[in-house]
Amino acid sequence: MIIVMHPEATPSEIDNVVAEVEAKGWQTHRSSDHGQTMIGLQGKGQPLDLFQLGQLPGVLDAMAITQKFKLASRAFRPENTTFQIGDFTVGGKQLAVIAGPCSVESREQLLETAHAVKEAGATFLRGGAYKPRTSPYSFQGMGEQGLQLLAEAREATGLPVVTEVMSPDKVKLVAVYADVLQIGARNMQNYDLLNAVGEAQRPVLLKRGMSATLEDLLMAAEYILSHGNNQVMLCERGIRTFDNKYARNTFDVNAIPTLKELTHLPLIADPSHAIGVRRHVKSVALAGVAAGADGLIIEVHPNPDAAVSDGPQSLTLPQFAELMQQVRAMAQAVGREA
Amino acid sequence: MIIVMHPEATPSEIDNVVAEVEAKGWQTHRSSDHGQTMIGLQGKGQPLDLFQLGQLPGVLDAMAITQKFKLASRAFRPENTTFQIGDFTVGGKQLAVIAGPCSVESREQLLETAHAVKEAGATFLRGGAYKPRTSPYSFQGMGEQGLQLLAEAREATGLPVVTEVMSPDKVKLVAVYADVLQIGARNMQNYDLLNAVGEAQRPVLLKRGMSATLEDLLMAAEYILSHGNNQVMLCERGIRTFDNKYARNTFDVNAIPTLKELTHLPLIADPSHAIGVRRHVKSVALAGVAAGADGLIIEVHPNPDAAVSDGPQSLTLPQFAELMQQVRAMAQAVGREA
Amino acid sequence: MIIVMHPEATPSEIDNVVAEVEAKGWQTHRSSDHGQTMIGLQGKGQPLDLFQLGQLPGVLDAMAITQKFKLASRAFRPENTTFQIGDFTVGGKQLAVIAGPCSVESREQLLETAHAVKEAGATFLRGGAYKPRTSPYSFQGMGEQGLQLLAEAREATGLPVVTEVMSPDKVKLVAVYADVLQIGARNMQNYDLLNAVGEAQRPVLLKRGMSATLEDLLMAAEYILSHGNNQVMLCERGIRTFDNKYARNTFDVNAIPTLKELTHLPLIADPSHAIGVRRHVKSVALAGVAAGADGLIIEVHPNPDAAVSDGPQSLTLPQFAELMQQVRAMAQAVGREA
Amino acid sequence: MIIVMHPEATPSEIDNVVAEVEAKGWQTHRSSDHGQTMIGLQGKGQPLDLFQLGQLPGVLDAMAITQKFKLASRAFRPENTTFQIGDFTVGGKQLAVIAGPCSVESREQLLETAHAVKEAGATFLRGGAYKPRTSPYSFQGMGEQGLQLLAEAREATGLPVVTEVMSPDKVKLVAVYADVLQIGARNMQNYDLLNAVGEAQRPVLLKRGMSATLEDLLMAAEYILSHGNNQVMLCERGIRTFDNKYARNTFDVNAIPTLKELTHLPLIADPSHAIGVRRHVKSVALAGVAAGADGLIIEVHPNPDAAVSDGPQSLTLPQFAELMQQVRAMAQAVGREA
């Protein structure tokens, strides 16, 4: 059950509603979206009359939501969520195309890539400054120096920057430089981190964990939303299944129409991680757009064979330019733009 | 190692080659394709000189193949396999579209569906006469009567018929009526059945098992090919993963570009089983075409809610007609036709 | 819903009950167990009154069973199923220990193994004459000659023989030689084969498919039971999961207490296939007994490194003898015998 | 490659070895264990002569390790790791039995449980003060107040306390109260958290992620070890597979013998999460001990039906006492004590 208050409801009207339902044995949870308060109900109180609740001063609507995810659900917000990042509208007709290297490695590498992907039609620049690596002995990222290079690349190209944050205590620092905070697959259920980005004033790109169900993903988004940050993009990046001999993961293309039905949040496909094989990234990218994704995130590197991470799945600059042409044709075939 | 003989090689030339390699300790396995003999080598004989083998009378080529699948591999046949079924060329530029009900239920149901899918642009009619059902208490199919109805529907519409065969001792009977023998996912490793269809003079549609790796699938095809039947279509129909709350299976779209690289065999996508939810079949079908599938197999029923099997994933006749329009646009975007 | 008739119910009493419920719109399905008839109801008829049904002449009991599996369920038969094979009671206090080579390879190999496992305490001899191999180029088994050797080994040792049958048309032949018909994991949903062994007068060992859910397994058993064959042993042999670098499959030890609760059928653990690594077979075997399995099936070979199949997971003869000692101690710790 | 220095090697000897191998193009990584320095080599330098390296002043040993995990490997430390926590030796003959409620809920609940599990034979008390919950609307734990209650329960019973820490900035606080820092399954690849506990002076219980491979788990341990904390227990708590209708997870019992071979670290089995069904916890616990686990972690609650979390899998106090008796018999059967 969620009670949505009028945008102009007064604090005392809100307190009054809370008192009313708590008196019937319910626990309440407040969150707010653009200054509008939502009151979520949990627990096992006495039955409530939706109509009567709707008559209380300041109440806009009261609705039963039986799914575990509430703020993320279509029941809560039937229309698609869209939001602006710079000049770009995420979740609109135009596909978001986020491109760049896995890791920021050097000024030259990043700027060359940023200019090339901008030229080819990308709308965001990606690049990792903090890298979650399986081995403690692998390159762990350039850290703040990498963030500074990303900011410089944004200055040079105008592309907003998407970069990963791995720890709650780094959220403020990363938010100084980044336009979008990325939560990686391994941290999808790192709840302290979700809480921290939920309180940041930055859009979030939330990647699905490698064995997360769709509900797990939506519940992770719910953590961010319930802290008042409504600018969340979900990302399907492949799941772990029984066969990884010829592909790094299994791209769950079914998740695209399913999530678009369950939630109002924009959805990005990550073909690079989903298949992990450079020459097949194109097929998966096109499939993602065909199935209804709102955008793509693609790893691109000037010299993939020399990349410190994810070289095998990174496109060269000319390959990315060629892919963008095909993405444009595909977007048109499904009534989108790129 | 495979030795490919000239199409006009004489039996004694073939015997001579076999004798030569067996003398060096190898076991041999003969198969033939359009009258052309291939000699496969197994075991651990003495090293062979490919150049010398190529000089023996009647030998066209001798090649080392390190993958476990040989006849199914691109190394064995670099160009795409195509074959004719009626007027249609499977594996060519035009997408094969196989449509019809899960189960043949009645003359009316089948003929109404057959005419409608033909009208909408389907190129094959599907329908189950023998049904592999999880429960022994569920409808098990109409059997031979169902086959007769399928043959009647072919007469009426001109559409070649695709239907499942579940047992080696039924292959001859089903081949009397059907144009394409379907092997279901549950029987993908039923080797006696694979051997039996390998010896039938009918094209085969081989569905991937629900937890079969791509190599498992190709090895199953190898059983059929090694019995001299080269008209094999593979079918990706979704795999079993950890999340089936909102979808019946996980459509492994990665399998499409991967299989198209590993094998020369045509590849069909089955969005109906892959997602199992009627209103999402479209997205998965388009994704399959975008990723490079050579065709689609779609469940269609005049009244899905009354279907004896697979109703929840069957399209209505108008939904199928609408899907075909979108498939046509998608085919064009990737340089195909439908 | 299942209606259980008295053992002495007359045919006309049975027909009368069937007519009664069919008149209310239900479909019926008859099966029999030791001459006692069960009438299963499917479909969507009018509501039935269990008490009134129980009053009809010849009716012993009428019960609602909401699980899909009926004859296999504890609701249908609360006590454990036990049955005799030779002198041995399957499902009783003593653990069934089925041991022998993966493939029958020669008279010497088989007899040496049979004597050794008998000596060490095995209660059944296993050995494959028809082998389901991933590759058509691998050894496919000795066929009937292998069956004859198994029968000879039974003569020599007194151990009943367990061997796989892969095709419905081979069931009669295999039943001539074998005491227990094994259905392999790849054929768990080969329904024509299940029907055929359901009609054979032989106990069946039904292996769980590599991605079969517990319900899938019980429904496969239901096929056999519904054809009147009640002597079914289930076998957990490992499932396919995301990690097979260090083990061939994942032994689903949870399945043991769960199946023992859901069904009355005896349950055998197969540690050899479940882990696939000789030096770890012991740990998995002991875990299976600790969790409540009614027996073990173990691959044993006089010279595993020379085995034509499954060498890496086969125990040597001394290793098996040592394992039996540990199994005996373990059996005692959980109130069983071996 | 790892170079192990003498415990008394001087800083300049260490620097000299580092300079030597870096001059040949290798990158180095230092870690230390009880004051003894290890130098790990990464990258692609010139070939090194192990014998010559071993001759450098201060070098104890130089060894090639080809597995990705080094400090966690048996190659690095052949004997089992053991360590003291209070009077108890983890990794020794006696099984560690960690018992207590999922969440600390109140002083009464915790103290009653602590006294009862101590009485029954547990060697550690578990209890969650910070809870990683799928839903932001669920109880998130009592926080520091919960830690204080755990410390009070330790005072009262003498049982060392195991509790979870979810965020790097909480490690110091939790370490004030806890004897063992638990890393939950969802945080297994939260590398900043692993680094933080790697620097804490507290033993760590590292739970396997729900889709982590064994190598992923060992690499996560490697993060902790490489920061100088060698007191790491691994924990198998069930993995996510395709069937969760009757069990919450799949207990990967194969992991036990496999991990005991790959690593020297102690290994704890968690039957409560692994099956998630109270009445089956016993079977899985016994299987874990039979397979060779060094201990168990079990959820126990005075009134499971009223538990705020994990009630369905929590044992009652008498059930735990009964389980301990069976664990003792099982431990004896495999040469351990409990």
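The letters A, B, C and D name the chains in turn, as written, and every chain counts its residues from 1.
Going forward, contacts are C-beta pairs under 8 Å (C-beta built on N, C-alpha and C of every residue); 3 or more make two chains touch, one makes a residue touch a chain.
Because the structure is predicted, anything quoted here is derived from the model rather than measured.
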Key: Same-site or different-site touching of chain B by its copy chain C, using the half cut   = same
Remark   = Comparing A-C with A-D, the one with more C-beta contacts is A-D
Ask   = How many Å are there between the centre of chain C and the centre of chain D, using C-alpha atoms for each centre?
value = 38
Message = Report the inter-centroid distance (CA atoms only) between chain A and chain C in whole Å.
response = 49
Note = chain A to chain D, mean C-alpha position gap in Å, rounds to 32
Request  = Would you please write down the residue numbers of chain B that are in contact with two or more other chains?
outcome  = 211, 240-242
Key: Footprint of chain C on chain B - complex, ascending   = 29, 40, 42, 68, 70, 132-138, 166-170, 186-187, 189-193, 210-211, 216, 219, 222-223, 226, 240
Chain A - residues contacting chain C, complex = 211, 240-242, 244
Task = Give every residue of chain B touching chain A within the complex, in rising order.
result = 211, 213-215, 238-239, 241-243, 245-247, 249-254, 256-258, 261-262, 274-275, 277, 279-280, 282-284, 286-292, 329-330, 332-334
